[in-house]
Amino acid sequence: MEVTSPTFKQNAVNALHDAQLQKALGNVRAGFIDKRRKAADALPEFDALRDAARDIKDHTLAHLDLYLEAYEKKVTESGGHVHWAETAEDARRVVLDICRMQNARTVTKGKSMITEEIALNDFLQLAGIKAVETDLGEYIIQLRNEHPSHIIAPAVHVNKDQVEADFRRAHDYLPADRDLTEPETLLDEARRVLRAQYFEAEIGITGANFLVAETGSSVIVTNEGNGDLTQLLPRVHIVVASIEKIVPTLNDVSQILRVLARSATGQDMSVYTTLSTGPRRKGDPDGPEQYHVILLDNGRTSMLGTEFQDMLRCIRCGACMNHCPVYHAVGGHAYGWVYPGPMGAVLTPSLIGVDQGGHLPNASTFCGRCESVCPMRIPLPKMMRHWREREFERGLNPATQRYGMKIWAAFAKRPRLYNFATSMAIPVLALFGGRRKRFSALPLAGGWTKHRDLPAPERRTFMQQWRERESRKQGASA
Amino acid sequence: MSGRDAILGKLRQTLGADTNDATRREAVERRLAKPPRGIVPERGQGSDAQKVKLFCQMAEAVSASVTRVRSPERVPRVVSDYLRAKNLPASVRMGTDRRLKAMPWDKLKALDVKSGPSDGFDEVGVSHAFAGIAETGTVALLSGKDNPSTVNFLPEHHIVVVDVKDIAGDLETVLTGLRRKFGKGRMPRTLNLVTGPSRSGDIEQKIILGAHGPRALHLIVVG
Amino acid sequence: MSGTVQARPTVGLFVTCLVDLFRPQVGFAAVKLIEEAGCDVDVPMAQTCCGQPAYNSGDNADAREIAQNTIRAFEGFDYVVAPSGSCAGMLKKHYPRLFADDPDWRERAEAFSARVHELVSFLTDTMGMAAVAANHPATVTYHDSCSGLRELGIAAQPRALLASVEGLTLKEMQDPDVCCGFGGTFCVKYSDISNAIVEKKTQTIEASGADLLLAGDLGCLMNMAGKLKRQGSAIEARHVAEVLAGMTDTAPIGGKG
């Protein structure tokens, strides 16, 4: 997909002026935050489970090579195939090879961010294979030729009237009097159309929330049931998953499940948690005949062992963006690539380069709300700061910012000079502040005064006044 | 160099595998051989009766409906009552699970019991759960020659029979049961953990039941 | 010099650059409160800023030099107190991180950070202050600044002391824990986004029905007060220390009206 992260600032401005989007973003604030809090508060062990979940992933990452080998062995034992893909291109090629072997014309897809990351749909389409998204939100944005604006609520930026218009355009056989005005009737229509697709598809592609080394199982966690129909009905099931999805055992899955749904949607447990292990067994009346897993690196091994390693604990729950004031203001598309919000601000520069994604870790107030709700206790602000350090080291941030910072630092490092300079400057500024005691415009402060007044300083700095007070005291006691 | 060698090679280099390989391997083997139980919430750890009660409460809280019966013989009658109450045709789809087969379905002359996987045209599917999980009101369903997974997803209504003796407090206990049944490290093709009927919140974050899977989940708790 | 043994704890006030430059009376309010709590206060002249602008811009070399100055300037005090959760958070949580690769300075930074406190939590948690002697008949609402709240756990302490102010009524705004959009240099680098965030904030402030906005960080207060003024709001803004110290006879932040 096209990367627009470098124009983040302009994307943000556009988003801020999009009235429909702004209304839709209200649903994020309303729909997720209270539910998460209630679910978390109702489980006394919630915070202890967050620690446990973090420790499980840390342990796994420290032994990732060995768990991957153990996992591969189990998949093979259960009759499945494991494919290793270093890059997005490698992964796409494996998918295409399997499609070609099956003479596949249609593939159904469960919701997966990893196939967004490798831009699989466009690739398959160019190869003449129809890829049908089956998650309701994904289906909607596929019709709109868009990308997800949220990792668990891909169509959160769209309202129901837009969905109706999209359905009428795409399902042009629908009679005009067919009611498509409410979410319920829209869902019915999508359900009807997609039912046929599950049966038509030769191949079903899903992602995975977890890969279990103990058993060679892939796990998907969904609410709609589309992921299950995708992996159950076609002849071939392909799982695309990045290597950090591994967990050691089924018990570890259970631990993390307890924080996943609560953090994501505020459910104790999502409706469908499905563990798939290999293809259908001898005598099984249904299930796929072939089971393939594509283990994708695509930059993960380069994050391991760096200050960004903790990001590999991410379970893609979306809590960070649900609680992010910047995401609430601009939505997901402004971030300009696959992953939005705080997790995207850390992950995007890791995967496509800080020269492309550099704005994202800068566009944060460091309010820390993301870290405070992250079920995996990922220190997101700290890692955004690490990106800023790397940018600064490489001289990637704008020259004006760098020089401004350097001039300021030159003063801040020299207290006597600093106090002298401020004691000279502040009275002048106070004078201009006038009786209103604020500025509505000020040279060099346009970034501030464009949107708000700048409170004016008092006549003298604290340091000046304190020094005077102390010398008065000394004079009095002498 | 294959992708496998490249990825594993890079990982080993970063993780310092050559210097402390034995310790690392031992840690991995130990964990896989003896999965730690972890933190299991108090919530599901009551008496057997409390577990059953909690299971029903939690299931209802996620919009499943629940009927309790004393013996398996009562199940066909409950199913037929459900069909009538919902104005559904007198036809159900189910696998050949011996626990279901042992029930007196033939006493209900008007009920058409179709056997085998669902073809997508069934209004109602009936399954027998491997276990129930009190903590979350979840049923665990296993695939196998007598238990088609399609019955869990394609029908509009899904009826699941659960024995009270199979209702565990937590998922960990069910996983232990699976290891006992299939052997360590082995699984059926599909384990479905189902918690309430299918739903979606994808349009304006409004939760609607019946997205792609069943619109309704009815649990019959036996015993 | 009195010649008697000094029994009162000594506090070095970290003024913070914004208070120094824009609102000295917050500093004097802090001094008054700390003295009332039973400490002796001094203000080392060799302090400037905590270094956050550099640190948050990825300029760790400059941030380290500033940190070293600060640590040196405050040696010898029992406590270091700042009237800001953000600056106290920097001194307490981030200074040690700046010296991760320098064992000597890391030790010094850790010893320093152990003595650092944000003003209001210092008064309540360290000095056991349960009430203040102030009187301020007003309906106020309190914004939890992010660093104070999430890095230092400050939420109950200012509310507890405010409850002891005579005549004062606290009306909570919706989501007082949500960021105001200031974010240091963020508010000028991404001024449009910052504006969208502070607009939502001032809406909740207006909806609270309060006539005075309080917070523990001058940066957030200048942002919110500046927006309220631009919107023509009658709601005034002050640092919580001003009210607790009973020093409210001066103009509010950004002036009156």
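Order of writing sets the labels: A, B and C. Residues in every chain begin at 1.
Just so we're on the same page, a contact is a pair of C-beta atoms (placed from the backbone, for glycine too) under 8 Å apart; a residue touches a chain by one contact, two chains touch by 3 or more.
Just so it is clear, the model here is predicted, and its values are computed rather than measured.
K.L.:
Average the C-alpha coordinates of each chain, average all protein C-alpha coordinates together, and give the chain whose average is closest to the overall one.
P.N.:
A
K.L.:
For chain B, which other chain has the most distant CA centre?
P.N.:
The chain lying farthest from chain B is C.
K.L.:
From the C-alpha centre of chain A to that of chain C, how far is it in Å?
P.N.:
Centre-to-centre distance between chain A and chain C: 32 Å.
K.L.:
So what's the Cα centroid distance for chain B and chain C, whole Å?
P.N.:
From the centre of chain B to the centre of chain C is 53 Å.
K.L.:
Report the inter-centroid distance (CA atoms only) between chain A and chain B in whole Å.
P.N.:
Here chain A and chain B have centroids separated by 29 Å.
K.L.:
Mind pulling the chain C residues that touch 2 or more other chains?
P.N.:
none
K.L.:
For a test of understanding, state which residues of chain A touch chain B in their complex under the given definition.
P.N.:
Within the complex, chain A contacts chain B at residues 24, 27-28, 30-32, 43-45, 48-49, 52, 59, 62-70, 74, 78, 83-86, 90, 134-137, 140, 153-156, 158-160, 163, 183-184, 186-187, 191, 194-195, 199, 213-217, 223-226, 228-229, 232-233, 243, 248-252, 254-255, 257-258, 265, 267-287, 295, 297, 301-302, 304-305.
K.L.:
Spell out the part of chain C that touches chain A in their complex, as residue ranges.
P.N.:
By the definition above, chain C touches chain A via 15, 17, 19-25, 27-28, 43, 45-49, 51, 53-60, 62, 65-66, 69, 73, 146-147, 150-151, 177-179, 181-184, 186-198, 200, 222-223, 225-227, 229-230, 251, 253-256.
K.L.:
Would you pull the chain A residues touching chain C in the complex into a rising list?
P.N.:
My answer: residues 9, 12-13, 16, 325-326, 328-330, 362-369, 371-372, 385, 387-393, 397, 401, 405-406, 408-409, 411-416, 418-419, 422, 426, 435-438, 440, 445, 447-448, 450-458, 460-463, 465-467.
K.L.:
Where on chain B is chain A touching in the complex?
P.N.:
Per the touch definition, chain B meets chain A at residues 2-4, 6-8, 10-12, 14-15, 17, 24-25, 27-28, 31-32, 35-39, 41-43, 58, 62, 95, 116-117, 120, 135-136, 138, 143-145, 148-150, 152-154, 170-172, 175, 178, 185-206, 208, 210-214.
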